[in-house]
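Next up: the structures, one after another.
In the two complexes below, chain A is the common chain; its partner is chain B in one and chain C in the other.
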Partner chain A sequence: MIKRVVVTGMGIISPHGAGYSENLKALNEGRDSISEITLFDSSSCRGTTGGEVRGFSFDAHLKRLRASRLDRSSKLLLTAFEEAREAASFSTGGVECPVLLGTTLGGMISGMKYHGAGLKNGFEHISPAPLVDYFAHTHARNLMNEYGLSGESLTFSDACASGAHAIGRAFRMVRSGESVIAVAGGYDTMCEFTFAGFNSLQAVTVSKCRPFDRDRDGLALGEGAAIFIVEEMEHARRRGAVPIVEITGYGSTSDAYHITRPSPDGDGARRAMEGALNDAGIDASKVDYINAHGTGTVYNDLMEARAISAIFKKSTPVSSTKAMIGHLLGGAGAVEAVFTIMAIKGGFLPPNINLRNIDPGIDISITTESDCRAVVGTALSNSFGFGGANASLIFQDLTEVGI
Partner chain B sequence: MKRTIWITGVNVIDDTAELAEASQERTVFTEEALLIEAASLTIRQAARSGLKPAALAVGVDGVVEGWQETFFKRVLVDGPLGASPLEFPFTSPNALAARLSIRFEIKGESLTVTSGSLSFLKALVHAAELVRGGIAEEVLVGGVARGKVITLLVGSGQGEFCLEDFGELGGAEQSLYSIGESFGAFTRALGNVRSCEFSEQPIVSFGDSFGSSVYFRFSETSL
Partner chain C sequence: MRVVISGIGLVTPAGVGKECFEEAVFDAHSGIGPSSRFPDSGFASAEVKGFDFANVFADRRFRRSATVTRYGLCAVKESLEDAGLFNTEYNLERAGLVVGVTHGAIGMTCDFHEDLVREGPESVSPALFSDSVLNAPTGNTSLAFAIRGPSHTIIGGPTVGIQALSLALSLIKEGAVDFVVVLSCEELSERVIEAYKKFRLTSGTEMRPFNMEHAGFLCGEGAAALVLESHERALSRGVTPVAEVCSAVVGGSESSVESIERGARRALKAAGVEAADISAVTACANGSKMDAHEGVGLGRVFAHSLPVSSIKQLTGESFGASTLMSVIASALSLKRNRVLLNRDFGQAGPEWSWASLRVRSASTDLTSTLVSSVGLLNEAAFTVLKRL
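Coming up: the complex of A and B.
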């Protein structure tokens, strides 16, 4: 029997700050949290700005892990999880609960330290310890060890769709009855290597990230994490947890087109959105807001707008929140899913900041003003990644689905 | 009613193999070529039974870190401008799944699992879930280690082995320390199924050093 799937807790840390309240405020007012990079020297790159989590001090009282050994990605992840766990009143010790996470980089900062030290001192003379945190799956295991969770741990690395895939898989697990509760989300850090890579592809903005703008010239990278407690509705009610929204649809496709460039006709993106709508059993007209992938690159935004136009009526409000916080890669799908839920719960449309002149080839309704009040009962979040990995998620307000 | 899940076209190849298909491809890394070669074999074998993959699940471990090392070294030595735009996409583990989706025009779901030594086996479990849930009829599954790959097809159409049951299990019979080991352990388990006559096939379970584990119960078909 198909089960209904709700979110009972969320945790977020992004360039907007740590915690739901801070992010909600910044999202609604359209705060620009992109600034000059301080974590490494980007001065020789095409662009020098990004979305860093500023002033982040990891002061959690860890029971099993040693904070000094952890990669920044684990620290972001544990911070987001603690907020989600508390919000969901989720007692973790000894509980069997699958943990599904998405990341593109894993602990690449640890990898960078290891390789840097190896090149300087010779690999035979350095400690292999950073290698442990370098591996992507270590961070899920860190979380499970610290909180005493047992059960499946699954790490997806599907570039920028990783976080959305993790949430989508958790949604399916709970809906099919495979599990009554799951932890899902995504994370990634700002890393010099990745910045250099995007710089080499000339994909980094030299000015401001301007999704859907005529003069857009690239993306701003960012970092952060978001975690969801995904739960079967009756299970949540039995244990007294309060459902926040229902997850009703997940669509996932592949472009089969190019290793970095999306299919220009938006075919893969369109099929992902249609898949999510079919999965939710709703018509496109039901969607009140679309949180676009909207990277601010020439190729993505045109492709995505075409895909949206092919399915939704022109008046459907769309915005990309990446101009505010940057592209969080493996964390993007999860953080933007939180933003999408904030739109539902807060009754507003997040603004697509920095848009001056809409691209004449784009024919969708972009929301630009801050504090734009609206009733959002159903919202869709898009995540499209390198290699043509596409994922769309649909969230619905509980009143919308009669709960 | 529970769907029957089948496995067919299991191919393991390593870097000593002669690459008939992949030699005609422009590839950046050895394992990329190996994966294309093995997938070609699997897809050709499946096509004989009229099967065609609509989705992808690839388990990757170790190999991408090696590619990243190549990329890192240039950046560490020459600074950000040393980054190669040709190598950079391959620092993302899903580049391999992307190559397969492009080469074989697989447009359904495509997922890359990076879960250590169990990555391939977890990708297989995920693929079986896709088939059981009716999300895809046939899923191409791959596993990639340094210098070695495995591919097979999981689906609802008739195959060589029936996957009677699968999932997570506390405790495991065999401990795997690398993804490459899992290819051999998995094919040996299939070989045992073929060579033995059991009234009910035993469960084969594999675990990693973190205490995570997966299990499978197979039976051979009359094909």
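Coming up: the complex of A and C.
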């Protein structure tokens, strides 16, 4: 029997700040949280800006993990999880609960620290300690061990769609009855390795990240994490947790077109969105808002707009929130899913900032100013990644689905 | 719904191609030897030998891809050929791909970082970057074979082979796809060998699973791929499956032994079988200290004298890849109705006293097998296979 799946807790840390309230405020006002990179020297790169989590100090009281051994990615992840756990009143000790996470880099900062020291001093002389938190899959297990959770952990590395796939899989696990509750989300850090990589692909903006703009010249990278407590509705009610929103659809496809470029006709993206709509059992006209992947790169935005045009009516409001916080890679799908839910709960359309002149080849309705009079009952969030991995998620207000 | 393995493909140190691998597995022929690629490491390793990518894979788009990707592409090609799905007309949107990876394209990752450190961001290669990302084998495989349904990269330790299998099983049972290619691949790297040496997990010159001294493992490499689809669909296509996959369960808890015991019991339950129904176990055992945990955990589940074997002396430890190789070896043992043999491993640890490790008889009545994989982070994964 198919179960209904709700979100009972969310945690977020992004360039907008730590916590749901701060992110909601910044999202609503359309704050630009992109600035010059400070975590490493980017002066030799063609672009030098990004979305960093500023003033972040990790002060969680850990019972089992050693904070000094943790990579920045683990710290962002644990910070987001703690907020989600509290919001959901989720008592973790001894609970069987799958943890599904998405990340592109894992602990690459730790990997760079180890490898950099080896290149400088010789590998025979260096400590392997940084490698403890390098492997991407260790973060989920660390979280489980710290909080006493048992069960499956699954770490997706589906590039920029990683976080969305993790949430989508958690949704499927709960909906099928495989699990009554799951932790899901995504995270990634601002890392020199990745920045240099995107810079070498000439994908990093040299001006401003301007999704869907005629003059867009690339993405701004960002960092952060978002975690969801995904739960079977009756299970949530029985334990007195308050459902925030329902997850009703998930679509997953591949482009099979190019290793870094999306299929220009938007075929894979279109099929992901159609898959999510079919999964939710709703018509495209029901969707009140689309949080686009909208990277600000030439290829993605044109492709995505074509895919959206093929399914949705022209008046459907669309915005990319990446111009505000940057592209969080493995964290993007999860953080933007929180933003999508904020639009539903807050009754507003997040703005697509920095848009001056819409690309004449793009025929969709981009929301450039925060619209606080909107009624968003159903919203869709897109995530498309390197290697042609596509994911779309649909969230619906509880009143929208008759709860 | 019954789900079966309808095709297999292998690139392993014990043999490249399913026929060579099958021969090596039943003859217990080891692919371990002195390292030819990293002779200065002083370590033996399990290297893939006689691998000619250009000869197997004519598509020039992938000629410069990472070693791990090339192993994966060849294994997948063979698995699709074996399943009768290569270059045939099928709905590509109904095909899925799940890839389990531990280190990924570690050679290119290190090269890219070295260029960044020594020469700066102006000099790094974009091609090196795009081929170094963890999902590069997945993206390239999806591209090469036009797989347009769900494709996922799962990161993990030795358990990741079965984690990938578990996700693939879910995709088929949910009706999202008609078939899924499951792949796990790794490449040898001096940096990886060195790192495990620093963690005192590697032995140096020999690898003795089950041995009481737990001296450590030797690193390996390669790729294993299998095609999963419903039994009904395989039969309707006229394909003879290798074996049925009854369950694939992933779990973890605060203690490794507890994870193993609970995980194995859950895998049996999900498969609808009792411990007594299992004819043989293909263990994760690789000579490291984790063998003791595995022996104790499985010993709590299974009765005395159950045949237990490990193929790691043949393939080396290549994490998810060697786990998927173990799954395929176990499936082949069911198909042939022959128990897998262990090579000489010296004195077994007391944790394995319940098991029959010194298997001499090559044939028995195999009906179901369990494949075990154990990670360093208290995680464990199991799959139950059944003879068709």
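Brief remarks follow.
FYI, the second predicted complex is superposed on the first by the 401 of 403 C-alpha atoms of A that agree within 3 Å, B and C clash if a C-alpha of one lies under 4 Å from a C-alpha of the other, contacts with A are read in each partner's own complex, and residues count from 1 in each chain.
Convention: contacts are C-beta pairs under 8 Å (C-beta built on N, C-alpha and C of every residue); 3 or more make two chains touch, one makes a residue touch a chain.
All values derive from a computational prediction rather than experimental measurement.
Superimposing the complexes on chain A yields a three-chain arrangement in which chain B and chain C clash. With both structures placed on the common chain, the touch criterion links A:Phe123 to chain C but leaves chain B unconnected. In the superposition on chain A, contact of A:Ser252 is made with both chain B and chain C.
By the touch criterion defined above, A:Glu29 reaches neither chain B nor chain C.
Touch criterion met: A:Arg141 reaches chain B and chain C at once.
Superposed model on chain A: among 80-88, 206-214 or 350-358, the stretch of chain C in collision with chain B is 80-88, the rest showing no clash.
The contact surfaces that chain B and chain C form on chain A in the two complexes overlap at residues 42, 44-45, 104, 106, 111-112, 115-116, 119, 135-137, 141, 150-159, 165, 169, 172, 176, 178, 192-193, 195-201, 252-260, 268, 271, 385-389.
Chain contact summary for the complex, chain A toward chain B: residues 42, 44-45, 104, 106, 108, 111-112, 115-116, 119, 134-137, 140-141, 150-159, 165, 169, 172, 176, 178, 192-201, 252-260, 267-268, 271, 385-389. On chain A, the positions that touch chain C within their shared complex are 42, 44-45, 103-104, 106, 111-112, 114-116, 118-119, 123-124, 127-128, 131, 135-138, 141-142, 144-145, 148, 150-159, 165, 169, 172-173, 176, 178, 192-193, 195-202, 252-260, 268, 271, 385-389. Per the touch definition, chain B reaches chain A in the complex via residues 55-56, 60-61, 65, 68-69, 71-73, 75-77, 79-85, 88-89, 91-95, 97-99, 101-102, 104-116, 119, 122, 126, 129, 133, 168, 170, 210-212.
Those residues of chain C lying in contact with chain A across their complex are 92-93, 97, 101-102, 109-110, 112-114, 116-118, 120-122, 124-126, 129-136, 138-140, 142-143, 145-157, 160, 163, 166-167, 170, 174, 176, 191, 194-195, 198-199, 250-254, 259, 262, 375, 377-379.
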